[in-house]
Structures are given as structure tokens and as C-alpha cells.
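Multiple structures are listed underneath, in C-alpha cells.
Each of the next two complexes has chain A plus one more chain, namely chain B in the first and chain C in the second.
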Partner chain A sequence: MALLRTILLRLVTTAVTLLGVAVIVFVVIRVVPGNPIAMMLPPGATGEDIARLTALYGLDKSILQQFLIWGAGVLQGDFGTSITARQPVLAMVLARLPATLELSTFALLMAVLAGGAAALTGTRLRETKVEGGIDIAGGMALSVPDFLWGLVLILLFGVLVPVFHISGRVTPSLDLPFITNFYLFESLVRLRLDLTLDLVSHMFLPALSLAIPLAAIIAQLLKQSLKETMHLDYVTLARTQGYSEASVIWREALPNAVLPTLTLVGVQFTFLIGGTVIIERVFSYEGLGNMAIDAVINRDLPLIQGIVILFAVLFTGVNLVVDLMYATLNPRLRHG
Partner chain B sequence: MTYLSVQNLSVRIKGGGPLLRSVSLDVAAGHVHGLVGESGAGKSMIGRAILGILPKAVEVVSGAILLDGVDLLALPPAQRRVRVGASCALIPQDPLTALNPSRRIGRQMTDRLVDILGWTRGDAEARALALLAEVQITDPARVLRQYPHELSGGMRQRILIASAFAAEPKLIVADEPTTALDVTVQKQILKLIAGMQVRHGTALLFVTHDLGVVSKVCQSLSVLYAGKVVETAEVRAFFAAPQHPYSAALLAATPKYTDPDAGLHPVPDAVIAAVRAEVGHD
Partner chain C sequence: MADGRAQVRRRAGLRLWLAGGWLALLVLVAIFAPLLAPKDPLEQDLFAGRLPPFWLTGGALLGTDSLGRDVLSRIIYGSRIALTVAIVSGVITCLIGAGLGLLAGFWRGWVDVLVSRFIDIWMAFPPVLFSILLIAVIGPGLFSIIIAIVVIDWTRFARVVRAEAMAQGAMDYVASARVAGRGRMGTMLREILPNVLPIIVVLLTLEMGIAVIVEAILSFVNLSISTDDPTWGGMISEGRASIHQAWWVLVFPLVTLFLTVLSFSQLGEGLKDRFDPVLR
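Showing the complex of A and B:
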């Protein structure tokens, strides 16, 4: 009963959020200078040509009218047609989404593994030089934004020691048997590990750039809450029972210390997804973010709107998943 | 037969002052030894030193802790941990913080039997059920599936007591096991521990600030002041005639051992001054 109400409330707030996002984006991209139609036409086009095309895309109407028309379409699953590509926005966006989802999930996985390992090691060796080293590394990781890490990594592992690909999602000459755009996932399912390797080798550096700052945040926060947990009575009691320090951290402290970290990771993961926009550009990775930048440059209004709405849905979805995980992991909420 | 023998144990804050000053005390196998003193005297510190859970900021300066004749302080940490885990247990002071909030009671009671002592899961669960029944918990099977937050403080302390006896340890350190509980529950829990101790024949180091409790459950006692044992005695002899002026004053300050009409006698300043000078506490 309480769960149902929570879900309903969540749906309503989500709808309001999405509406707000839609209105803001809709207005902003129409207020900033730059006419998409004029940019699309060759230099010799007449004012008459421009007017005709503007009317064709409905851009001659008032913003309110345009919004109502667009909104009515969206409610029926029609996000309009891209001005530059002349294809349905929804199909274009959904085709690119898997690439971005795979990239950000891979980055999240890297961040959780690296950050978690650093936090556990730092807790096990707390108040030693190792913990100091972890803190310093974390500080460095956080003092540089993700796209600069991207450039640094390109120089290091793309140019200096070229072990990874630095551009694209997959080697273009490869024959891809995939029926979905979740290449990495599908390559694993089909056990085409040669393709997995190629995909990972493309994805590794952009994912790492996104993961470095998040890993540092996870390491710091998780280590902090682990260390606080280590003073608690039930941890001390486990020590008297013969458990080693490492098992005490893993068994007693970790399950309780992950909860505060989890909430933060959720918020940070949405930032990471936001970070893909620039990182995909830096690594010419054919995802949603890269498409978003092109759309903005070309003033492709319907496409921009579609991408922004999708990002907003994605963010809300992530937050929902985090809340559900929190409720599942916390016995006090599970039975509340 | 002495099971635990703490010999001239000195403990201090790293780079700071002493917390325990050459403490010696013996606990005979199957006996209950009381450890009495005011708050801050160092009672818990002794228990922690025995169980190998001293705070990081604290270190042993000298002394020995013989458990069944083996000096724990001379053992490598891993060996010590296993030995203490197999033969000792702790009944903690605060049942609200001594259970892991995110793990079921059943796992908290049985895991160490399986992980550390090599029991089968089935044996461990049967054992947990039997012990919960022994500490008078109704519907033990249900409790095993519950989380700590679903249980009252008294219930949790019963579970911790059951847990402490689970592996039939030779020695249990009970660190003020009733202090954090409601007055109404305190008596039941005390009786429960005393009964369990007798049935299982476990040696018990019973830490308390309450001489009244000592007279009920202990056979012998040590009185601690500012990290130093000022008197060790058999309970009957002690309550008949405490030897040390501080012990005598402490006894006089304990309500149940004074005439209710005469009111309380706080430990006199002169006695405090004398015992301070004696133990070298500034």
C-alpha cells in the first residue's frame, strides 16, 4: 500500500519534472540566435526558400503553438523529424542510446570496482602510508575534470604507448552480426569475444576518463564510512569471534557502509552520464552525447528536444533505481 | 584451577599516561570473578586487553595474559585471534549497538560457528535454536529470521548472551551486561546470565560498577581504582570485612549494603585522596 503510493507519487513528480525540462529546453533553443533553416540551406538560397521551409517545419508559429503541436506528438510517441537528417527523432535517438548506455555503465563499473577496492584497501591499511597514498591519488583524480583526463589518457595510451583505440566505437572494417545496438552486450551474449575485445579497446579510455573522478569520490566516501563503522560495537564483537581484520571489514562494516555511498553514487552517475556528452566528442564515440553536440551546432531543434528529454528520462530512471536499491539493501526500510 | 591469569598488566595511551597499572587478577575455571570500580577505572580496558580488542590509540606496556597457561600477548596476532575466538566470548554492554543492523539474527549467531569453528550450517542452526530457547525467547525460529531493529533491547541482550555461549567458551567477559537495560529487565538478564554460567560451567569475568550485583553472582572479586587493583578477595570475606579503605567506602556507598534509613555514604574525600596517592594517580 505504502509502496504503491510511493510509486504513484514518483510517477507524478517525474511527469512534472519532464514537463519542466521540456518547456525550458523548448524555449531556450528558440530564444538563442541562429536559424536552423538558414544553416541548412546552401549559401545561394533566397528569403522565399527560407520562409517556405520554415513554415514546413512549423517554425513560423508562436512558441506556445509550436510547443502544443510538439507536445501532442510526443504524447503519441512522435518526437518530430530531425531537420538535418530528415529522419524521425525518436528512431535516431534510440539508435544512439545503447552506445551511451554501454559507455556509462562500463565507466560506472570501473569506478565502483576501482573506488571500492581503494576504499577497502585504505580501510584495511588505515593510518599507514598506503592510506595516505590513496588519499593523495584521490585528490589528484578529483582536481582534473573528466574531459581533461580524456586528453591525458589519449596522449598516454593512444599516442605515447598506443595500446587502446582513441576514436570511434568499433573498428569500421569489422563485420558486425548484431541485431541490436547494444554491441558490447550482444558480443558477450553471442560469445564473439573478438568483437568484445575490439569494443572494449575502443571504450576503455573514454570510460576511464569518466570513471576516474567518480572512482575517487567513491573511494573517499566509502572509506570514510567504513572507518566510522569500524569503531562500532558489532564490529568489535566480530573481532572477538576470531574473524580477521579483512573479514571484519568485508562482512560487518561494508554492508552498512555502502548505504550512504550508494545514494551519492546515484547522483554522481547522472553527472557521469552528463559527462559523456563531451567525452564522446573527445573520443569521436558515436553515442547520444556526440549527436547532441552536432544537433546543437546545427540548431536541429526537434533533435535537441528529443535528446534532452531522453537524458531527463535516463536521469530520473537512475534515481529511481538507486532508491529501489537503497530500500532493498536497508532492512530497516524493507520492513518499515 | 586458574583458567585466566592476568599478570602485572600495564596499558597506556600511546605516547600518553597509564590506563592500567600493573593489574593482576585470576579467574578460576568455572568460577565467576567480579571486576568492580567506578566509571573510567579501566574495567572495560582489562576486558578488551584479554580479548585482543584494545583501541588503536592504546598499547600494552608490559605484563602477561595467560589463558589456560598460554601467554596471549606472546602469540602472533592471527594465532591469538583464533585462540581467543575459540575459547572466549564477550557479552557486551550495549545490546542496541552490538548487533549488526543489516544482517539477520540467525546469520549473526551461526556464521562464526561455521566460518571459524568449522561447524556445518545445520548444526549451527540447531545450536542457535536451542540456545535461544535456553535464554527464554519464544518462537526462536522466527527470531532467527529477524533483523535487530525488530527486537527490543532485552531481547537483543538475550540473543547476545545466547551467542556468547554458542561455542561453549571456557571464559566469558561480561562487560556491564545490564547497565544499558531498563531496570525491570536488568534483574531477569542477571539471573539468566548466572543460570547459564552454572549450567555451562563457564568461567565468567563479570565487569560491573555495582557491588550489589557482585554479591549475587560472583565468587571472588577485584576492586579497581584508576587502573590499579586495590583489593582482591573472596566475596564472602569481602562483604564481611573489606580490607582496603577505598573498598570499604565503596561498600558503604552501595545502597543495598547500608541501612536504608541511614541514607547513602558517598566515598569520603579523604579516602579518595589516600587511594589516589597510593595508586599514583594525579
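Showing the complex of A and C:
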């Protein structure tokens, strides 16, 4: 019962947060001083043309009216029409979303693997030079954000030792047989491993730049909880039964230490998704973030709105899932 | 244990000195930019475009960009913009965010409900997208960047200071101050504030590093100051575009930015250790 109430409460607060985001974005972009309609028309356009087009996009009504019309459309799955591309916003955004989802999932995987490996190694070799080295590397990784790591990686592995691609999502000359925009996933399903390789070699550096700070956070927290767990009685008991140190860490300590890290990974994953905006720009990766920056530069109001709302849905959705996962996994909350 | 603590303290000390040293150097460079810069950072020389750095044949100083502008001079002048943004937006963000956090955490009630609600909404925005959006709305320029950083980052202070003020508010010394006849406002400013001040200083240092990054990101997408003005982010953006022809246009501003951001965050972390009573 308590769990159900927690879930319902979280759903309500999530809805309120999303409404808040929608209102703020809507109001903020409508105080734009420049007229986006005037920018769309050729220089010779008359005032009458501008007025007609303004009415067409509904920009002549009051902000409240515009919000209600837009909100009613959104509830029916209609996010309006992009001013620059003259296509439905929802279709444009959904076409780009898979690219961003694949990039962030790939980055998350890298971060979990690298961070987990560093934490386990650090625990196994605790109080040695190796642990010190891991701590220093982690501190460095955390001190500098993804944007700078991206540029550093471009220099190192795109120019100095050119082993990866530094622009785009896939080599443009390749013939793609895909029916969805989940290229990486589909290439795996279709067993077109040549395409998988090309996609990964494009995705590797942007994903790595997103993963570096997160890997450091995971390593830090997981190592700390592992080391705390290693002092508990049941771990000592397992050790006296003759299990090796490595298998004690892996089989006894890890399952017990992983919960706090899991919650943190969830929250940090939203930051990682937020980071895709600039990382996609740095690597000219054809995702949602890159499209968002173009939309802002072109003042494409309906498109900006759609993208920001979608990002907010992703953020709050991830947080919701993490909270629910925590509530179901943590026995203290489940029976509370 | 005592040895370990001494070791941590020594390492933290070295870190503080290195980070502080770089930042102090940067402040001096920014102040004396006109004396230090070998060339005018805006002067174009199309016949001397993309000259390599001095150790390569035909090189000059740290090289020139595609318009023949001197990279070293632009980095030197760029430090003025970076540090102005860091200090001004850092301090304003700190005042607003810490103020709201203090009120929310100590006064509780409707102020807390309101501030917490806003923090939740803010957390649902991708910060980079939010800042780009704000700049597009207010228009580019130094002033807009500062406003954008304040609007987006106040929650960083508010969240931490609120939690800290709440924890402090529950302590005995606060109750005794109230019993001794101190008013609520007085308790907040005289008792709570001094105790949360160390964490505010740490956050402020970290925020300055973030501000430098935000400015660089905005210049990178050409939404900062006019593209002529020397900004590290703008130089990096040009360097990224011409990376295969002139790597030095990217490398030198990138290294400067990297060291600056690293220094701010190491300074913040070092101060955090310094203020930590367990380590002390």
C-alpha cells in the first residue's frame, strides 16, 4: 500500500514538474524580441504578408490563448509545425531521438563498465599505489566536464592518432538498409557487423567524453561502499570459509554495495543526457541536441518547445524509474 | 591513521598551491593584457593566415588563425572575458542561490515549498540547452551570458545550502540562541550563516569554473560575444572547424581553458578538504 502511494505521489509531482517546464519554456521563448516570422520571409515581404503568416502560426493571439491551443494539441500528440523545416515537430523530434538515445545508452554502458572495473580493482588492491592512482585519475576525470574531454579526445584519437571518426553518426557514402532510426541496434539485429563497426567508430569518442565524468563518479561511490562492506561480519565469515579475496568482493560485497551506486547512476544519467546537447555539436552528431542548437539559432519556436519538453520528459522519466526501482529494491522502503 | 591524514593534507596543500598559482597568474595576465599581448588581438593579416607556432618553420609565436590573428594575443585577451564572467556571475549566483537556500532551509514553510518546487522544475531542464535558449532570447553579449548563468545555476547553491541550513537549524546551539533571545533573522544571519559559509565558499569556487565552461560553450556555438572578440570558446570553435589544417588554433586555447577549469575545481576540492573538520 505504502509503495502504491509513493508511486502515485511521484507521478503527480512529475506531472506538475512537466507542466512547470512547459509554462516556463513557453513564456521564455515568447519574449524573444526578434520576430521569427519576419526572418522566414524574403526581404521584399510586405507587412500584410507578415501578418498573414503570423496568424497562420497563431502568434497573433495572447500568450495564454497560445498556450491553451498548444497544450490541447500536445495532449493529442500534435506539437505544432516547425517554422524552418515546415514539418510536424513530433515527427522531426522522434526521427532524431533514437540517435541521442543510442549515444547516451552507449555512454552509460561505457561508464558503468569502466567505473565498475575501477572500483573493483581499487577495492581488490586497496591501500596500494594502484588505488592511489585510480583515485587521482578519478579526481582528474571529475574536474573537467564532458565538453572539454570531447575536444581533448578529438585531438588525441581523431588527429594525433586517427583511429576514430570525429564527425557524424555514420559514413555518408554507406548504403543503409535500416527501417528504424535505431541504426546501431538494427545493425546488430540484422547482423550487418560492418555497419555496426562504422557506427561504433563514429559513436565511440562522443560516448567516451560523456562517460568519463560519470565513470569517475561510479568508481568513487562504488569503491567507497565496497570498502565499507568489506568490514562487515558476513564478509569476514566468507573469507574464513576459504573464498579468495576476489570472489569475496565479487560474490559477497558487490551485491550488497551496489544499491546506493544504482540510485546515483540514475540521477547522473540525466546529466549525461543533458550533456549530449553540446557533445553532439562538438562531434557533428545528428541527434536531438544538435537539432536543438540549430532550432535556437534559427528561432524555430515550435521546434524548440518540442525538444525541450521531450528532454524534460526524458529527465523526469529517468528519475521516476530510479525512484521506483529504489522503492522496490530497498526492503526498508518496501515494508515501511 | 595520523600518517594518512598528514599525507592527504600535504597532497591537498600542493593541489591548492598549483591551482591557486595558475589562477593568480591568469588574473595578472588579464589585468596587464595590453602590456603582455605581443599583437593586437583583433588585427587581421590575410597574408599571414594559419602560420604555425614558432618552433615550426615559418612560425610566429603560437601561430595565427585563418584571418591571420595572433593566437597568443587572443588567448591573453580572452582571459579578461573568461575571468569577468567567472567572478561576476559566480558572485551573483552565489548571493541569490545561497540566500534562497538559507531562507528555504531555515524558515521552511511556504518559502521552502516554493523554492523546492522551482528547484525540481529547474532540474528537469538540460542546462546547456537552457542556457542556449536564454541567450537566444536575451540576445548575445557579456551581460546576457552572466544573466543566463545566474538564472540556470542558482539551484546549485540553493540545494546544498538549504540542506545544510536545515541540518544546522536542528542543532542545539540554534535552540539556545533562540532561548537567549535572538530573533529568527538574527539567528539565521549570526548563527546559521557562519556555519554554512565554508560550504558556500567551496561552491562559489566550483561555480566560477562552471561559469568559465558555460561561457566557452556559448562562444563555441557562436552565441556569446561578437565573433571578432577574443574568447577561448570562439577560438576553440574555429580550431575545431580547421583541425586538419591548423591544429594550433584548437590546442592552445583548449589547454588554457582546461588548466583554468581544472584549477577552479581543484581549488574548490582542496578548500573542501581544508574545511573538513575530520581531516583537519
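Everything that follows uses one rule, which is that the second predicted complex is superposed on the first by the 310 of 336 C-alpha atoms of A that agree within 3 Å, B and C clash if a C-alpha of one lies under 4 Å from a C-alpha of the other, contacts with A are read in each partner's own complex, and residues count from 1 in each chain.
Criterion: contacts are C-beta pairs under 8 Å (C-beta built on N, C-alpha and C of every residue); 3 or more make two chains touch, one makes a residue touch a chain.
All of these numbers come straight from a predicted model, not from anything done at the bench.
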Touching partner for A:Thr236 - first (chain B), second (chain C), both, neither: first
Of the two partner chains, chain B (first) and chain C (second), which one does A:Glu252 touch, if any: first, second, both, or neither? first
Would you sort A:Val161 into first (chain B), second (chain C), both or neither based on which partner it touches? neither
With both complexes superposed on chain A, which partner does A:Leu329 reach: first (chain B), second (chain C), both or neither? first
Taking the superposition on A as described, I'd like to know which of chain B and chain C A:Ser244 touches: first, second, both or neither. first
Comparing chain B against chain C, which has contacts with more of the residues in chain A? C
Across the two complexes, find the residues of chain A that touch chain B and also touch chain C. none
Chain A contact footprint on chain B (complex, rising order): 51-53, 56, 78, 81-82, 84-86, 88-90, 92, 94, 97-103, 111-112, 115-117, 147, 149-150, 160
Which residues of chain A touch chain B in their complex? 127, 232-234, 236-244, 247, 251-252, 255-256, 329-332, 335
Looking at the complex, which residues from chain A come into contact with chain C? 13, 16-18, 20-21, 24-25, 28-29, 31-33, 139-140, 142-145, 147-148, 151-152, 154-155, 158-159, 166, 270, 273-275, 277-278, 281-282, 289, 292-293, 296-297, 299, 304, 307-308, 311-312, 315-316
Sites on chain C touched by chain A in the complex: 117, 120-121, 123-130, 132-134, 136-137, 139, 213, 216-217, 220-223, 236, 240, 243-244, 247, 250-251, 254, 257-258, 261-262, 265-266, 269
